[in-house]
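In the two assemblies presented below, subunit A is common to both, partnered first by subunit B and then by subunit C.
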Partner chain A sequence: MSVVNLATESCHLNSGCGFPAPSADIFFLEPYATLSIGGMDFTISKAVILVTIVALVVTAFFMAAFRAPKLVPGKLQSLGEQAYLFVRDQIGREVIGKDGDRFVPFLTTLFFFVWMSNLMGVIPGAQFPVMSNLAFPVSLTLIVFITYLVLGFKHQGVHFVLDAAFPPGVPKLMYILLTPLELLQLFVTRPVTQAIRLFANMFAGHLLITTFTVGAWYLLSPSLIGALGSATSFLVTVVLTGFEMFIQGLQAFIFTLLTAVYIGGSLHAEH
Partner chain B sequence: MKANDAEFPTSADGRQTDDMAWRSVSTLTAGMLLYGGLGWLIGKRFGHQSAYMAAGLILGICLGLYVTYKRVTRGSR
Partner chain C sequence: MSLLAEVTGSLGSIGYGLAAIGPGIGIGIIFGNGVQAIARQPEAYGVIRQNMILGFALTEALALIGFVVPFVFGK
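What follows is the complex of A and B.
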């Protein structure tokens, strides 16, 4: 990566070297191995390895927690139960209602998968939020959106689309203008905004942290401005990392909450 | 809605509030995309492209706000 190269080549203030500002390039990871099966690209990069680790960790945690459930739970089991109950009470029952309980396993998996993927952005050594690569949020959103459509048609039939396409309490003539808008909203912008919200938050946070980290290294030089600037930049990096960890949890929560809102909307018609 | 109901919102109320909050974002985006894009296309054909696109964007925002307003007020009655 260019930023890393510039930073290691003792590129500092007053050494005739411009600030190696990180750009979107840092999100295009160098492939470890290129692989093509039947014309499809299966390149192995850091993001692929991280997402595999995340999937394994989340699976292993919940399997270990609930493999042999006891009436008086041990430490691991009670941690797993708290995780599950958090999603059930804060998202499942709060948003979908009592009949949302059967979707809680899906929501719990989604929440912890997204959260752990985001957390990879601040874990030393990994330091790449998987969800800052647009393909991952898009894949998750597709799973959610297809679930939403299937459940909607199953429980409400054609009314699922008709209710959305023809908002009530509107003069009939307005449907000419409003129906295309509402259909576009339902089928295009709704899933797109869900994916982009997660992607953009992780992208921006990672870029911000990288900028201040590179800044702290670049400004490190034997001058008052350099020393002060470097110290400030380092401090901001630490603060931003803490803030970013909050955002990572929040975005995972919002992604899961939206999923629950959609599932709830597909189960029950609006009144 | 009775006063004592309002103190304990059911999950349906909570969901519709959440749904409305997130839906407004995608409705406004859809309005701008659809009518801004339509204006852009009309302008491409007949000239004055930026004027048509601006008019389309404003129309799209207005329609998005209108439909959001209609859906919200219906829920609170």
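What follows is the complex of A and C.
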């Protein structure tokens, strides 16, 4: 039995049906509609709608905060400034340095977009973390990947790749081993792990919460074990939701931090 | 060829258990040493925390990949 229509069935502990463990199916929801534009199919699913809402909300917030900036900021503007300064001081200045200030708008956008997308996983009504759909982290990572490649070639020329492929101060013979690894690290491992990390965190967190939610419903039955198990499961769901909110913020922070680290590496050669 | 040993059942769970050993040790080392470094030099808190979170992120990815792979490539 699928988890989605579990609530309409009476599947409980002693009613002779097994535990309907949630599987990866819960991430592939039925699309609401399919649009055909110029021979290409665009499906309108929950994730698409949520990501549109997130983009609109983040844009509207920063537009409203900075549309007419005043010397003495109002409530909304101070909130926007706090958000901007948080990214600048905690990520931009700390990782890239003073010359990274021109990337802070990009980092701020990235941080709040990812954070809001993740938050959709716990907001009642939405409850679907957008980033648990691999396409979204991959698109974001592609933007970051192209950004730091272009920056690297612009600021360091061919040395961007040469310095990475042939790290100085290493015995010549070691290059046979090191060079393929370093090139793989620069062009494959970095973007792949950055995308997978965000995806896997949201996927795992959502699956964990769903498992305990389903458990609380399934164990709900007129017996001592059922009642105790159901109550425990429900409590764990609440605690896990709190923990998940922490993880969502942390993952958005880590995604932005890694972006800053890679951009910083492209701007000035590592020593 | 005769079968010496066989693992059946939920292989994904076993795989995740194995995949979590290394990152578990790694994250312990990272935060242990991070806290020690902060205790020794509280004024370097910002830099230490930054690198601690970075190391944590790189290590934790391994355990998460171990969790997700059975779902994506399983069966």
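As a working rule, the second predicted complex is superposed on the first by the 263 of 271 C-alpha atoms of A that agree within 3 Å, B and C clash if a C-alpha of one lies under 4 Å from a C-alpha of the other, contacts with A are read in each partner's own complex, and residues count from 1 in each chain.
We adopt the following convention: contacts are C-beta pairs under 8 Å (C-beta built on N, C-alpha and C of every residue); 3 or more make two chains touch, one makes a residue touch a chain.
Model, not experiment: these values are computed from the prediction.
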{"item": "First, second, both or neither for A:261, with subunit B first and subunit C second", "value": "both"}
{"item": "Which superposed partner A:177 touches (first subunit B, second subunit C, both, neither)", "value": "first"}
{"item": "First (subunit B), second (subunit C), both or neither touched by A:169", "value": "first"}
{"item": "Partner chain in contact with A:52 - subunit B first, subunit C second, else both or neither", "value": "neither"}
{"item": "Partner chain in contact with A:200 - subunit B first, subunit C second, else both or neither", "value": "second"}
{"item": "Greater subunit A contact set [subunit C / subunit B]", "value": "B"}
{"item": "Which superposed partner A:97 touches (first subunit B, second subunit C, both, neither)", "value": "first"}
{"item": "Contacts of A:189 with subunit B and subunit C, given as first, second, both or neither", "value": "first"}
{"item": "Overlap of subunit C and subunit B interfaces on subunit A (superposed complexes)", "value": "94-95, 193, 257-258, 261"}
{"item": "In the complex with subunit A, residue positions of subunit C that touch it", "value": "46-47, 50, 53-54, 57-58, 60-61, 64-65, 67-68, 71-72"}
{"item": "Footprint of subunit B on subunit A - complex, ascending", "value": "93-98, 100, 167-170, 174, 177-178, 180-182, 184-185, 188-190, 192-193, 257-258, 260-261, 264-265, 268, 270-271"}
{"item": "Interfacial residue positions of subunit A with respect to subunit C in the complex", "value": "23-24, 94-95, 193, 196-197, 199-201, 203-204, 207, 250, 253-254, 257-258, 261"}
{"item": "Subunit B to subunit A touching residues, read off their complex", "value": "10-12, 14-16, 18-19, 22-23, 25-27, 29-31, 33-35, 60, 63-64, 66-67, 70-71, 73-74"}
